[in-house]
Amino acid sequence: MSFFLNQVIIGIQLGSQYVMVALGLTLIFGILDISHFAHGHLYMIGAYLLYMVMVLGGVNYWLALFICMAALALVGMLVERAVYRPLRGQPQINTFIAAIGLILMLETLVRGIQPKALSVPKPIDKTLSFGGISMEVQRLIVIIGAILLITALQLFIKRTRLGTAIEAVAQDREGASLVGISVNRISALTFAVATALAAAAAVFMAPLAFISPEMGGVLILKAFVIVVIGGLGSIKGAIAGGYILGLLEALAIAYVSSAYKDVFAFAVLIVILAVRPTGLFRGRD
Amino acid sequence: MEKKAKYAKAAALLALLGIAAALPWLLGKYQVRILTLAMAWTIATLSLNLILGYAGQASLAHGAFLGIGAYSFGIMVERVGLNFWLSLPLACLVTALLGMLVGLPSLRAKGPYFAIVTLCFNVIILKVFENWNWLSGGIQGQVVPRPAFLVQRWARYYFVLAFLVLTLVVMRLIVKSMLGVTLMSIRSNEDLAEAVGVNSFRNKLLAFVVSCFTVGLAGVLLALENGQLDFTITNYLYSFYLLIYLLIGGVATLSGPVVGTIGLYLLLDYMKNIGIKGVEEFRYFLFGLVLVLVIIFFPMGIVGGARRIWEWARGRLRRGEAQEVAG
Amino acid sequence: MRLKTAIILTVALTMAALAFAGCGEKESGKVTVRIGLTAPLSGIGAGYGQDIKAGLDMAIDEVNTKGGVTIGDTTYVFELLASDDEMVPESSLSNAQNFVLEKDIKVIWDPTANTIQSLMGINQTAGEEFLIMAYTSVPLYAQAPNKYMVTLPPPFSVYVKEWIKMAMGKGWKKMGMLQTTGAYGDLWGKTMKEAWTKAGGTVVAEAPASYYTESDFTPYLTTVLAANPDVIFCGGPSDPTALVIEQARSLGFKGGFIVIDQAKLDNIADKTGMEKLEGCIGVLPVEQGAENWPAMNDFAKKYQDEYGERVTWETAICYTGFHILVNAMKEAGSVDDVAAIRAGFAKGNAAVTSGEEFPVAFSGINNDTGALLMPGTAVMVENGKFVGMDMIEWWKQ
Amino acid sequence: MTALLQVQGLTRLFGGLVAVNKVDFEVPQGSILGIIGPNGAGKSTLFNLIGGALPPSEGRIVFAGKDITGWRPYRVAREGIARTFQTTALFEELPVYINLAIGRRMRTRSGFWDVLLRTPRMRREREETTAKVLEVLEFTGLGKYANEPAGSIPQEAQKRLAIAVALMGEPRLMLLDEPTGGVGMGETDEIIDLIGRVRDRGITVCVIEHKMRMMMSLADRMVVLNFGVKIAEGEPRQVCEDPAVIEAYLGECIA
């Protein structure tokens, strides 16, 4: 029983990471209709930023969290301005190609500068044990961090003027431009928020694993699937989808087959989409 | 005028075919090999063009189907010992059949939802081939024996060239027929197409199955050229690459896939073997840059862009003539 | 008229310059021999490929600065052409084709098990033969029926028996398996499982993981640890292996590890510290080899100076292997007759290197299989130290 | 006159919302039925239910004696019901003549193998389609736009094109959703004239409009919807004087 519970908690932690990345992706998709496949690679850049700020710069972990979020938000806005804005009005699949181009550029660049894997120390290097379950403190930080960020995002969208504007555009693009909200500003802002979320995810996750140029590629695939399963543009969907995938993986490793866990997880996702062809929470078409 | 243009086009195509036929005698063995591979990939891109370019459904499972076609051929010839000429169409049929099984549930989903379902399928196939050593041949892969008449490199070149021409002819027949127009109507406005009596699901399924058959053929040809296979042939990255070739070349055209695939394939190979250190190391950076720039400045791909430039130039020319007459 | 002359002159001069530039082939009467390397130079395996390349670069540099090698009445210098294959067999095939057909290369190094097979499919083609210098420990390659292939490191089966002896000596009976997935990991897993159960042990849990795509092994570890193993069999590339060990310790695992040969214990120790490696069984770290082979010390130092990192087995073995190749060419009296070069390995003392002179001592070659004879050494971490066993001269067993 | 289309107790729920509530009406053969009502009255939903784009929650749709409730749109279309959409739906990037040819597709049978083998059937059908396209181009006066992409011709011509595409399948009933919507006042005459001529070809027509004045002259009968409920039905004049209608329209139609 405690083994099952252990796997569930790990699944939630895996899911937390997926949710943080998928949230940004679903915001960008819902609001701007962009298949921002390079999101995972911005996450990777976030991890390297953490390395630079914390290991090379000697800054405290928690301060580094905010520095990385702010810095990566800027990078996100830059990407939006340089790559996606010129593509506005083009078919969605074109943004997908541009995103792949961006992925290739970012990954090659990082690898050219630092080909070897790096690691950052844990801010609290302890393991907690209770009732037969043992887990590192850092994993709790990931789980709690994700919950805090989800709440913050909800508050931002529901309580602030800018946030409501974002939601307005998500619901009706033309309507929003009629009310006088600048689409350019919303677009830049969405990227800033989404990328800051990715940075937070990277900062939380980096001490648990190691940092490599490839770390974004695997993650983005899962995050994108989550966004679609949840329903494109649906925040609720991204949250639910992220935790579902995390749990599926953790339980598949334990009870199905570790080598075939992706086969199992992705097959379940296909079944979900076959039953609900527009995602768990009906997203935009 | 119209007729003249038609003859000019036919002559240009014939000349192109002539050049293609002469190439093995002008180029080195390595270039012949690269061109053979590029042509096989072109067939794969053409197959994606049918389902994505014309029917408007972005399949991200073509990497998987490419591998399935290649492996079923390899297994039939090497392990089962079937005759070459029997295995070739059978491998394509197996791919098409699997395409039907995948298409039946997945084509009900639309747009990005369909793309993701197919992507999930591709991931599953990749993982199965990666982990199931009996199927993939494990570390030693799957040997693909070649028949005697394909032992020579130039023979394989002509073999693939023949299939490329055949694929182009069939695609043209489809695209220029009522069937092609029906597919385009689904791409353009599926609700309206249904409202005017088009069974969109059936037509999409047909396009998907034909597309899978064709990508299976591409897989067989790749397997023949390489002589061996391993699980990476089912990688979903190949689905992405086909998408890149298609969109950079020019979607929903017949020349786009040819230009895009051969152009980009040769570009990557050139950057790798040019022998300049920076270029080789950062070739994917440059490749990515090319993708971003082309898609920003030529949203309709190289062929679409060239067409627009040509029309613009012709328009200017005509206006110039008109002004001269007026003056 | 004058302009035309000027243009013609310029063109002629440029072409002459280009022609001379292209003539690097023969500098001061020496002929350049090109050697090919197809390896992962970018992507996940980049570090590994770069280590191989470093060994070859160092050896070639050394041979060339000494003025090259004289065979018959010609003096040869060497040039390494390295091409990235990202560990994809199709790319390595293309690289090899490019080397052979375009660059006239007769010897190609390939350090990844799954890409070697694709080279074996083409290297005996009449008129396009080339020699494969295979850096792989997969045992089936050490017995491969390929006329033109030489394998460098010892086959991994060499270690299995010793490792099991060490582990059983500790009283460990229950093994959990968490090795890398894929064909290479599967082969390892199968070999280990068979030998372990045969020796009287039991396998209590199996959760292989993809070391190339996973970044967090905890869900695998909890699954394995739930079965209370005495020892965990793990390994893939060094970085993720270090993570597996570190996370296992974080979860409170006190037992030992058996680490497959792909992972380097010294690199792992750099990440985790020796304390967490207690009870870890694996392949002797490269610098410990200096106990038997004194030349290793100088080599390691030289490498450290040049590359700023600790040397690896890949670098040391390929460095020595290149010298053996040159010996074989000398014995063969040819740099381009593939059959003769391959035969040259078995002539005289071509494949015998002394530990006084080279970082790795090879004892020759098995002329039937093409396997170079390098002893393997198993070690175990005890009380914070690598405790080595004797060198295993597996070809004598 | 027999009823070509019978709608009985048709209901559609969206979540808790009733978009169409137990609506009954009949359309006699060869007539023009006007369906009017304020915005959000459920008119377009009604067409979506008849056309098969949405499955009804309750009720029956009988067309020419056949129960077609819940059929997929393409089967409904093949049965002989053609429709246009409120926001003009065309195959925008395709030329006008191809738009028309697609409208004919359901009456042709050549498939994949005919295309590959270029069978006589395919050639025959191609000729038939060409003839029909020319005929409909002539009938709708769209000849001069034949080669232009449908999305680039004037708004009013697009409206006529939508009707032309519907005509290509030789329907027995045509459902027109705001055929003059978004068209300037001066340009509606041609469309109204076209609808009249469509009826003269023997095709029964249902028109959604909220320009009531236009319906007065065109429709033989009218059905008025408000909040998904049918509030009136009958001759145009009679419907217009109905107090419930006047209330719903805030007296708009009295003028």
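Should a chain be cited, it is by its letter among A, B, C and D, assigned in written order, with residues numbered from 1 in that chain.
Simple rule for what comes next: a contact is a pair of C-beta atoms (placed from the backbone, for glycine too) under 8 Å apart; a residue touches a chain by one contact, two chains touch by 3 or more.
Here the structure is a predicted model, which is why all the values come from computation and not from measurement.
K.L.:
What chain is most central when centres are computed from CA atoms?
P.N.:
Answer by centroid distance: B.
K.L.:
Name the chain pair with more contacting C-beta pairs, choosing from A-C and B-D.
P.N.:
B-D
K.L.:
Let me spell it out: compute each chain's centre from its C-alpha atoms, then which one is farthest from chain D's centre?
P.N.:
Farthest from chain D by mean C-alpha position: C.
K.L.:
How far is the middle of chain A from the middle of chain C, if each middle is the mean of its Cα atoms, in Å?
P.N.:
Going by mean C-alpha positions, chain A sits 37 Å from chain C.
K.L.:
If you average the CA atoms of chain B and of chain D, how far apart do the two points sit, in angstrom?
P.N.:
Comparing mean C-alpha positions, chain D is 41 Å from chain B.
K.L.:
What is the distance, in whole Å, between the centres of chain A and chain B, each centre taken as the mean of its C-alpha atoms?
P.N.:
32
K.L.:
How many Å are there between the centre of chain C and the centre of chain D, using C-alpha atoms for each centre?
P.N.:
73
K.L.:
Chain B: which residues touch two or more other chains?
P.N.:
If we look for residues of chain B contacting two or more partner chains, we find 131, 281, 284.
K.L.:
At which residue positions does chain A touch at least two other chains?
P.N.:
Residues 108, 259 of chain A each touch two or more of the other chains.
K.L.:
Got the chain C residues that touch at least 2 other chains?
P.N.:
Residues 42, 181 of chain C each touch two or more of the other chains.
K.L.:
What's the complete list of touching chain pairs for this entry?
P.N.:
Listed in label order, the chain pairs in contact are A-B, A-C, B-C, B-D.
K.L.:
Contact residues on chain A for chain B in the complex?
P.N.:
Checking each residue of chain A against chain B gives 29, 35, 83, 86-87, 90-94, 96-98, 100-105, 107-109, 112, 221, 224-225, 228-229, 232, 259-260, 262-263, 266-267, 269-270, 273-274, 277-279, 285.
K.L.:
Which residues, counting only chain C, touch chain B once they are in their complex?
P.N.:
Of all residues in chain C, those touching chain B are 41-42, 81, 83-84, 88-90, 93-94, 97-98, 101-102, 113-114, 117-118, 121-122, 138, 140, 181-184, 186-187.
K.L.:
Can you name the residues of chain D that touch chain B in the complex?
P.N.:
Touch residues, chain D against chain B: 51-53, 72-74, 77-78, 82-83, 85, 89-94, 98, 101-103, 105-108, 110-112, 115-116, 118, 122, 125-126, 129, 165-166, 168-169.
K.L.:
Where on chain B does chain D make contact in their complex?
P.N.:
On the chain B side, the touching residues are 170, 173-174, 177-179, 181-182, 184-185, 188-189, 191-200, 206, 210.
K.L.:
Please name which positions on chain B make contact with chain A in the complex.
P.N.:
Going by the criterion above, the answer is residues 52, 58, 105-106, 108-113, 115-117, 119-121, 123-124, 127-128, 131, 236, 240, 243-244, 247-248, 281-285, 287-292, 295-296, 299.
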